[in-house]
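The two complexes that follow have chain A in common; it is paired with chain B in the first and with chain C in the second.
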Partner chain A sequence: MPTVTKKVALAFFLVLAALAPIASSIPFYPDFLGHNDWMKLLSHVSIFGIGALGINLLTGVAGQVSLGHAFFMGLGAYVAVVFGAPPGDLWGLGLPMWIWLPLAGIIPAIVGLLVGPAAVRVRGLYLAFATLGLVFIGEWAWRNLKFVTGGAFSGRKFPKFQWRVWKEEEPVVDFASDGEWLGFEITEEAKIYLLMLGFLVVATVVAKNLQRTRTGRAFQAIRDRDIAAEVMGVDEFRYKLTAFGISSAFAGVAGALFASFVGRQIPETWDLFLSVEFIAIILIGGAGTVSGALMGTAFVIILPRLVQDFTEWLSGVIESGEGTLATVADVVVAISADDGGLINTIPGVGPGLSVFQLNQVLFGLLIILFMIFEPLGLYGIWVRVRNYWKGWPFTY
Partner chain B sequence: MTAEVMSGVILGQAEHSQLAGAVVSGLSLGTIYALLAMGFVIIFKATQVVNFAHGALATVGAFITAGVAVELNFPGRFLDVHPLFGWSISVMTALVLSALMGIILERIFLRPMVGEDLFSVAIVTLGMNVILMTIVTDYIGPDPRSMADPWGDAVADLGFVIIAHTEIAQFIVAVALVLLVAAFFRSRTGIAMRATAFDQEAARAQGIKVGAIFAIAWAIGAVLATVGGIFGSVYPRRVGVYSDTALLVFRAFPAIILGGLDSVVGAVIGGLSVGVAEALAGSYLNHPWFGTGFSGIVPYLLMVGVLFIRPYGIFGTEEIRRV
Partner chain C sequence: MALVSASNGSPLLEVRDVSLSFKGLVALEKVSFHVDEGELYSIIGPNGAGKTSIFNCINQVYKPQEGSILWKGESLLGLKPNQTAERGIARTFQNIELFAHMTVMENILSGRHVRMSHGWISGALWWGRASREELENRFKVEDIIDFLEIEQWRRYPVGLLPYGVQKRVELGRALAMEPELLLLDEPVAGMNLEETEDMARFILDIQDELGITMILVEHDMSLVMDIADRVMVLDFGRKIAEGPPQEVQTNVGVISAYLGTTGEAPIPELG
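Right, the complex of A and B next:
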């Protein structure tokens, strides 16, 4: 059970997060968070947070390594688009969000339960490979089911975040356009952010509480030693299946939200790299912990943006003038075609990694470094920091 | 599917048997899978590392070959020899470099992980895969790099089937490599490797240099991956090495699973059968109902099917579970 301090800190943090859209009108609040691109970034974090909570339940808590998360995210997205998109050339029923969003969780959960029995038989690494196969089979299906997905490399539009009671013209709550809420001018991006933050809070509460139920404890028992769990009366088959179902539901909802958030998705989105990204998120965050999953998501999604800002700032320093920093930066960053450098800010010209590629390399490097030096991830670091302050001035 | 051409389908004319064409092209694809799978299994057995970066090893290895043969033009710039001989020397040089790469990667990224559980180590190789693929993709640039192999797109007509010269070369090389690996496992070092695979600590207690065994295993794995990558980047399959060369290894994973993660023989048999199954599907299952690219997922369907019946592969050893 959380302590009073923890509750207060959590409430404070939540209020801060909810106030981010009106950052500019609050003193001492970082102004940039309210800008539209940061609102988008934070929405992205919230959505991937839901997905990360799902894979965390399956891989972190129940110990079943799955590379199939991208498949279930894709499935959720396409369920959402079939039920939510307006009828046209491609399949679409034009139903409201309160129908397509839950279905985007329920149907992947059912599919998860259907493929589950096969997955339950397969253990350890063989499971990782089997779920890897699922991603490739899924990609083939998405590319060929043109009437649902729009086909390879073209994709289709996904339903907007608009809250309707049924199919009426004017949505009751429209998250997809700028407007005024409670006297504040608020942009589309900020509205979507608040909605996603709401979903993330719900998902977090569900995931956190689930870990404390009989089911959650059973997951952990199976992870720690499956035979011992069985001996104690934990029905391994049933609980592994449950883990698959719940994780797929989280993935489906995250996939649906992500597709709608981006607006247009191609079938190639749901590839192995996405699954790897989620595995990386929970490992960097700290496998098996809810706060770790969320910290990992924020870290993995926001870091590329920070790297980009940093390289842009460096190019600015180089252009603006002399000094030690400019000289050092000039060696690292290439700002023109004939300029040598490790990082290349002009796309497609000369040697050197683009900022995107640099981020990929950093991503891979982070996975490795965390696995080698801090297997408990950001959560482990946080625990050490917390214990230091708790024990201060003593070091033990 | 850039420039991926099934030789049997494109070249198969009326008098050539479709079945024979599919089987031959399947076997040739299968030998590539077998080489990749064999390297993977050797690394896994000897060092307890599930190497998700095997695709990157193949791509980087093939890229090094292209670099040595084309950009460096070694040994062509010094010697004027028969192209086949010259190219063989280029490939040998590239193989040595690839082996070094394998050893260095193991030493830097995987040695600190010795003794950790399989999954954590597998994740490290996933990270390695991302890094290597990003860098090599950047170096390859927008167009595939040619292997500059001496055979080009020459083909031989055997009457019932047409076969590319590269495929003949590939069969010979693959058989030679399989025999070499078999001989290696009977040598003193090979026996030491088998002992290490059985129990690292016990092997160490017997005076086996486990670290050296790890390095050798990674060198062998990298060399086999490079050979697979080279033959996967020449005429009937692709025009050169490109980032999608790594996909070849992702299709070799089913071959590994089919044979069982820890069986070298299984890797070869699994590779060949997956290759043949894929080629047969590509040749016969072209009804619109199957959509495009169905042959590409046949390996995975096969893998999922086999895992359902035998959850540890056909030749793999069943894990003994203890409390």
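Right, the complex of A and C next:
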């Protein structure tokens, strides 16, 4: 049950998030990434947040470990492109967004329900492996269905975020170009961010409601004690299937939004690493909680960007000159092929790690550390901080 | 409290010649008994006698190879476990099987699953039936929390609670189903005297105030002898005695099953 403090904090946070697009006009704005880059990063977080809520329902709440999330995201993206992209060499029906976006959720859900019965008969690690198979079947299919996906390593363009009633030339609301809203100059990136934030809020409300009502309790019951759940009247098979379907729908919508957000996607996007990224998100954020899934997403998406910017900044420091920091940085970062260092700023050159590899290493390390020291993830840390201040200055 | 006779129709639950075996291991062999409405029926027997197996057969977690189990004259065989719950059979477990990550309240609410009907769409939108049912059932849960005197632990995740309280919460979860038959699997196992007395009081209250029929599997002889209406004794999957507690207590077969036979040794009093 939300307390008054919780409600106020939530409202404050939402207002803050909604005002982010015009934040650059206030003084002392921390503009170190550049405004549009921030907007892109936050859009990315919002989209992956939707996907994370989906996998959280299936893996976190219902306890069914699935590695098939990338497959359903890909499926959603290609459903979107078939229905939403203009007709041409590749398949496309050119239908408006209010058709392709819901379908990007519905069709993966149906596919999820079709493959579900086979998957939900196995549990634990076996289920992880069964769903792993989906990712590889999917990758093969995406590479070979060239008339839908554009083929390996070339991919195709995805429909833009434009709101049309039907197929008219001028969109009613155009999120894909700069413009003026309510007297504010607003960039394309900021518009898309607001749209994604809206979708994320809807997805969050749905996920939270599911979790706190009959369905969500049935999911948790199956996760914690499956036989007891059945004896309490929960139809295990039906609810596992429901979890699978709903999770696939979230994944499909996230996939469609992500593909359209990036603009062009290749079939290789929907690979095992994407699935693992989502498992990392809920493990780091705290499995089984909505706020954990969202915190995990923000962390996992923003961290690599910060690492990248930090290394770039460090190489700038080295190039620009002297001082202790430059000396230390020079040991850590390699700026040219013959320069020794742990991290390469030039990909594929030298013995060190690329920034991408560094991020992989960091994720691996973080997952291990969280599993050992804070199994409840960022959510657990947050709860501890909150409880500390609840009783402050008393210890308890 | 009285022994309700089966004169007014068929008994609530009738188990006929049920046999259950796992490969070569015989768990139950032609066990028959019936439970009448309002009765507190008890099943006792040494470890491995097949007491919990009977519960698992009634719940259809195990599928007996032979015999029949009739619920109000209708067969339970072939149903899924959740369907036995829908028919009004609730259960607690020998080793606590609570949903460890949920709070006391959520655990008891999950017992209301069969008494609610809203689906996931209504739930996801918090619209119509979902919000109405959730609120109504929240009140019912308060009644149960009140009945079992666990108010102070309402918001605790059950994993953090002491053993005796967890047992009580599990009873609450079963009561939340508003069952007609309650299967209690060792409700006082591992409890101290005070906790045992509390639990005995709850069991009697359930019988008297809520009028729920119960089957009690228990090792604590004094509890069984004090509160049960009828007792069945199992040994190695076979029924060796049945009747009112006083009668069963003096049954020679029962005593030898519990204490072994030496032939010469004096027969000590049970309980």
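FYI, the second predicted complex is superposed on the first by the 388 of 396 C-alpha atoms of A that agree within 3 Å, B and C clash if a C-alpha of one lies under 4 Å from a C-alpha of the other, contacts with A are read in each partner's own complex, and residues count from 1 in each chain.
Here, contacts are C-beta pairs under 8 Å (C-beta built on N, C-alpha and C of every residue); 3 or more make two chains touch, one makes a residue touch a chain.
What you see is a predicted model; the values in this text were computed from it and never measured.
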{"item": "Partners on chain A (chain B, chain C) - clash or fit", "value": "fit"}
{"item": "A:Val317 touches, of chain B and chain C: first, second, both or neither?", "value": "neither"}
{"item": "Partner chain in contact with A:Thr215 - chain B first, chain C second, else both or neither", "value": "second"}
{"item": "Which of chain B and chain C A:Arg225 touches, first, second, both or neither", "value": "both"}
{"item": "When both partners are placed on the shared chain, which of chain B and chain C touches more of chain A", "value": "B"}
{"item": "Chain B versus chain C as contact partner of A:Thr242, first or second or both or neither", "value": "second"}
{"item": "Which superposed partner A:Ala17 touches (first chain B, second chain C, both, neither)", "value": "neither"}
{"item": "Touched partner set for A:Asn144, first chain B, second chain C, both or neither", "value": "first"}
{"item": "Contacts of A:Ile106 with chain B and chain C, given as first, second, both or neither", "value": "neither"}
{"item": "Vertex chain A angle, Cα centres of chain C and chain B, expressed to the nearest 10 degrees", "value": "80"}
{"item": "Lowest inter-chain C-alpha distance for chain C and chain B in the superposed arrangement, angstrom", "value": "6"}
{"item": "Footprint overlap on chain A, comparing chain B with chain C", "value": "225, 227-228, 231"}
{"item": "Sites on chain C touched by chain A in the complex", "value": "59, 61, 80-82, 84-86, 90-91, 93, 97-102, 106, 109-111, 113-114, 116, 118-120, 122-126, 130, 133-134, 173, 177"}
{"item": "Contact set on chain A toward chain B in their complex", "value": "65, 118, 121-126, 128-130, 132-134, 136-137, 140, 143-144, 152, 225-228, 231, 272, 276, 279-280, 283, 348, 351-354, 357, 360-361, 363-368, 371-372, 375"}
{"item": "Interfacial residue positions of chain B with respect to chain A in the complex", "value": "50, 109, 112-113, 116, 118-124, 126-131, 134-135, 137-139, 142, 250, 253-254, 256-257, 261, 291-294, 296-297, 300-301, 303-304, 307-308, 311-313, 319, 321-323"}
{"item": "Contacting residues of chain A [partner chain C, same complex]", "value": "206, 209-210, 212-218, 220-221, 223-225, 227-236, 242, 246, 288"}
